[in-house]
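Next up: some structures, all given as structure tokens.
The same chain A turns up in both complexes below, where it pairs with chain B and then with chain C.
Our next item is the complex of A and B:
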């Protein structure tokens, strides 16, 4: 597993290294991750807050910026992966972030159900304008039986290729079960 | 709508629920206009719940009619495509709105709370609920993850100050639907002076959103 203690120490060090000994610091650069790396947030903010108590940094959202930035990425995950996140990603999230994610997806679900006054509309689908009716797809993993509109049942076996209605495949493509084959 | 295929064939004629009767073609044209305006405007546009409801009804209607068409009939695929296209536009429209609501959440809520009774609403009741939940959720998160670790006097954040407002000075492309006269264009630098332009019907322009914002709301210009 990860050495969280070392991670924490490194993060704090990164922040403290920016605080000059004599002069007050005007700017604090927070560690930024390119992907959703592990959450060192509570620790780095703790370190930053020690800087605050010496009157070094003015309070502003910038100190919570790292947290907010992560929030925006987590929001994006709901739209990209759906309401169940892959384990690898969940591993990188702290409890508070999971809580935010769960509340967000509940809120989004309630909103989507309310659209139009009947059954609602899943606006996380139909992300691209429809170009062709049917598409060629290759199955990347075994997914079992799959029913399409006219009642036909397709067996989605790994490496099999099929010519299927585009709108039925969207979700499976996003989940990585199918791959759109562009010839 | 699809060429060579009659709307009334599948769409069942006019929607007469509202005071103004609209054909399905008009309804979809209105949806597309609202969609483009929402996509290209830097700020959240007026709420159009009725339009959304009518389009949803239209889609349900078309789906039902599609079930009755003989399977394998070529017409079916064309209409399927039409349904998907409309559903895409509607979803994209609602996504644009939600993204702006999330991005500007404290300002959007403030605007809705402080509007007068007669003024048009910018959020549907469901969007308003969503925005409030988003605010509460985000505040709880920031408090637990960041703020509670800070010295006591710094534990609150004024969201209105912390979250940026939409940039109304963004440039937008527009097409003129109704002629406008004497639109004031403001200068950028000290050397320039303000001047007025007339916007001819059918002409296209690139200008700051702020200058023409009321014209978008009124339908006099269309963002493109």
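Our next item is the complex of A and C:
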């Protein structure tokens, strides 16, 4: 099969290469709709103007697709990673995308507060059916100190293993800090 | 099964194209043989082989689907679009005889998608084209489904290489379901895993460092 990522990048480069360096001076208002059939525009001008307007819309489509796809991935990050994005990812986002992410976070939080009774319901948790309250985890990288509900502090050092409450670990497992060990 | 949180826009159904679907955007770059039914003044640059400033009426040229769709009008004579070989009568008989053996990936990776889009150009053969596409799909679907449900943990490249893009996405969906079921059978459906986005990002960072 084709490599999607490369194809996408190639498409964008093709489009960008074809866009004129300066904005073309379009003095005519370009008619796009079929109702023009009734008005007295010379046949050839009609054909040419349709070609031009199609040609102007198409490159902007590819660029807006790229922006839209980025937003879809940023939205996925809220679910996959959590509400605080690491600096490495933030570095690759523009200010508007960061703003969009914050708005999305807020909408999601408002929704979650509104369901499941007084305390709300965190639907980003328990994505897989839980089988036990506590799980065995191994630390994949150093993550410093970690406090659990009863006040105990655990040191998450690389390769250490712990028996911890499931709900505290879920996010760290998704982020690749901990590994769920099944014996 | 992994959390399905990145949901790209799927391709359009029937004769529609979805604006933000990558498959539909790539499909719209497929080139079609066309004939201009009117002159296109000052648009000579569209046809790479011509040296003239204008495109005269009656020129035969190739155009990408997006441009052909933008120019085509039912009531006015602007453009006529010819059917690509795969949708013409000779090939339609081949598909009718045995749809399973055809290499649909080679016949244009978007056989079903492009075929559906061709219906926009009001060819007199539209009913036959539509019927052939449908019957081809029906004829091949069973095999695609069977192979996707029975190929577990093995190299599937031989199975998918003759499939078009629509069939490949169906195959992937089938594999995804099969893998999820197998995980459940093994009792691993509650096994928490790292997010695939995180894993891919980490792989990319290492590749950057090595570059």
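Note that the second predicted complex is superposed on the first by the 97 of 183 C-alpha atoms of A that agree within 3 Å, B and C clash if a C-alpha of one lies under 4 Å from a C-alpha of the other, contacts with A are read in each partner's own complex, and residues count from 1 in each chain.
Convention: contacts are C-beta pairs under 8 Å (C-beta built on N, C-alpha and C of every residue); 3 or more make two chains touch, one makes a residue touch a chain.
The shown structure was predicted, so the numbers you read here are calculated from the model rather than taken from an experiment.
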{"item": "First (chain B), second (chain C), both or neither touched by A:180", "value": "second"}
{"item": "Partner chain in contact with A:77 - chain B first, chain C second, else both or neither", "value": "second"}
{"item": "First, second, both or neither for A:169, with chain B first and chain C second", "value": "second"}
{"item": "Chain B versus chain C as contact partner of A:90, first or second or both or neither", "value": "neither"}
{"item": "Chain B versus chain C as contact partner of A:68, first or second or both or neither", "value": "both"}
{"item": "Partner chain(s) touched by A:130 [first = chain B, second = chain C, both, neither]", "value": "both"}
{"item": "Touching partner for A:138 - first (chain B), second (chain C), both, neither", "value": "neither"}
{"item": "Touched partner set for A:158, first chain B, second chain C, both or neither", "value": "neither"}
{"item": "Interface residues of chain A shared between complexes with chain B and chain C", "value": "45-46, 53, 61, 64, 68, 75, 127-130"}
{"item": "Touching residues on chain C, where the partner in the complex is chain A", "value": "3, 5-9, 19-20, 22, 25-26, 29, 36, 38-43, 46, 66-67, 70-71, 73, 75-76, 78-79, 109, 160, 168, 188-199, 201-202, 205"}
{"item": "Residues of chain B defined as touching chain A within the complex", "value": "52-53, 55-57, 60, 71, 77, 80-81, 84-85, 87-88, 90-92, 94-95, 98, 102, 126-127, 129-130, 133-134, 137-138, 140-142, 144-147, 149-151, 154, 157, 162-163"}
{"item": "Touching residues (chain side chain A, partner chain C) in the complex", "value": "1-2, 4, 7-8, 11, 34, 37, 43-48, 50-51, 53-55, 57-58, 61-62, 64-65, 68-69, 72-73, 75-81, 88-89, 127-131, 135, 169-170, 173-176, 179-180, 182"}
{"item": "Touching residues on chain A, where the partner in the complex is chain B", "value": "41-42, 45-46, 49, 52-53, 59-61, 63-64, 67-68, 71, 75, 94, 96-97, 99-100, 103-104, 107-108, 110-111, 114-118, 121, 123, 125-130, 133, 150, 166-167"}
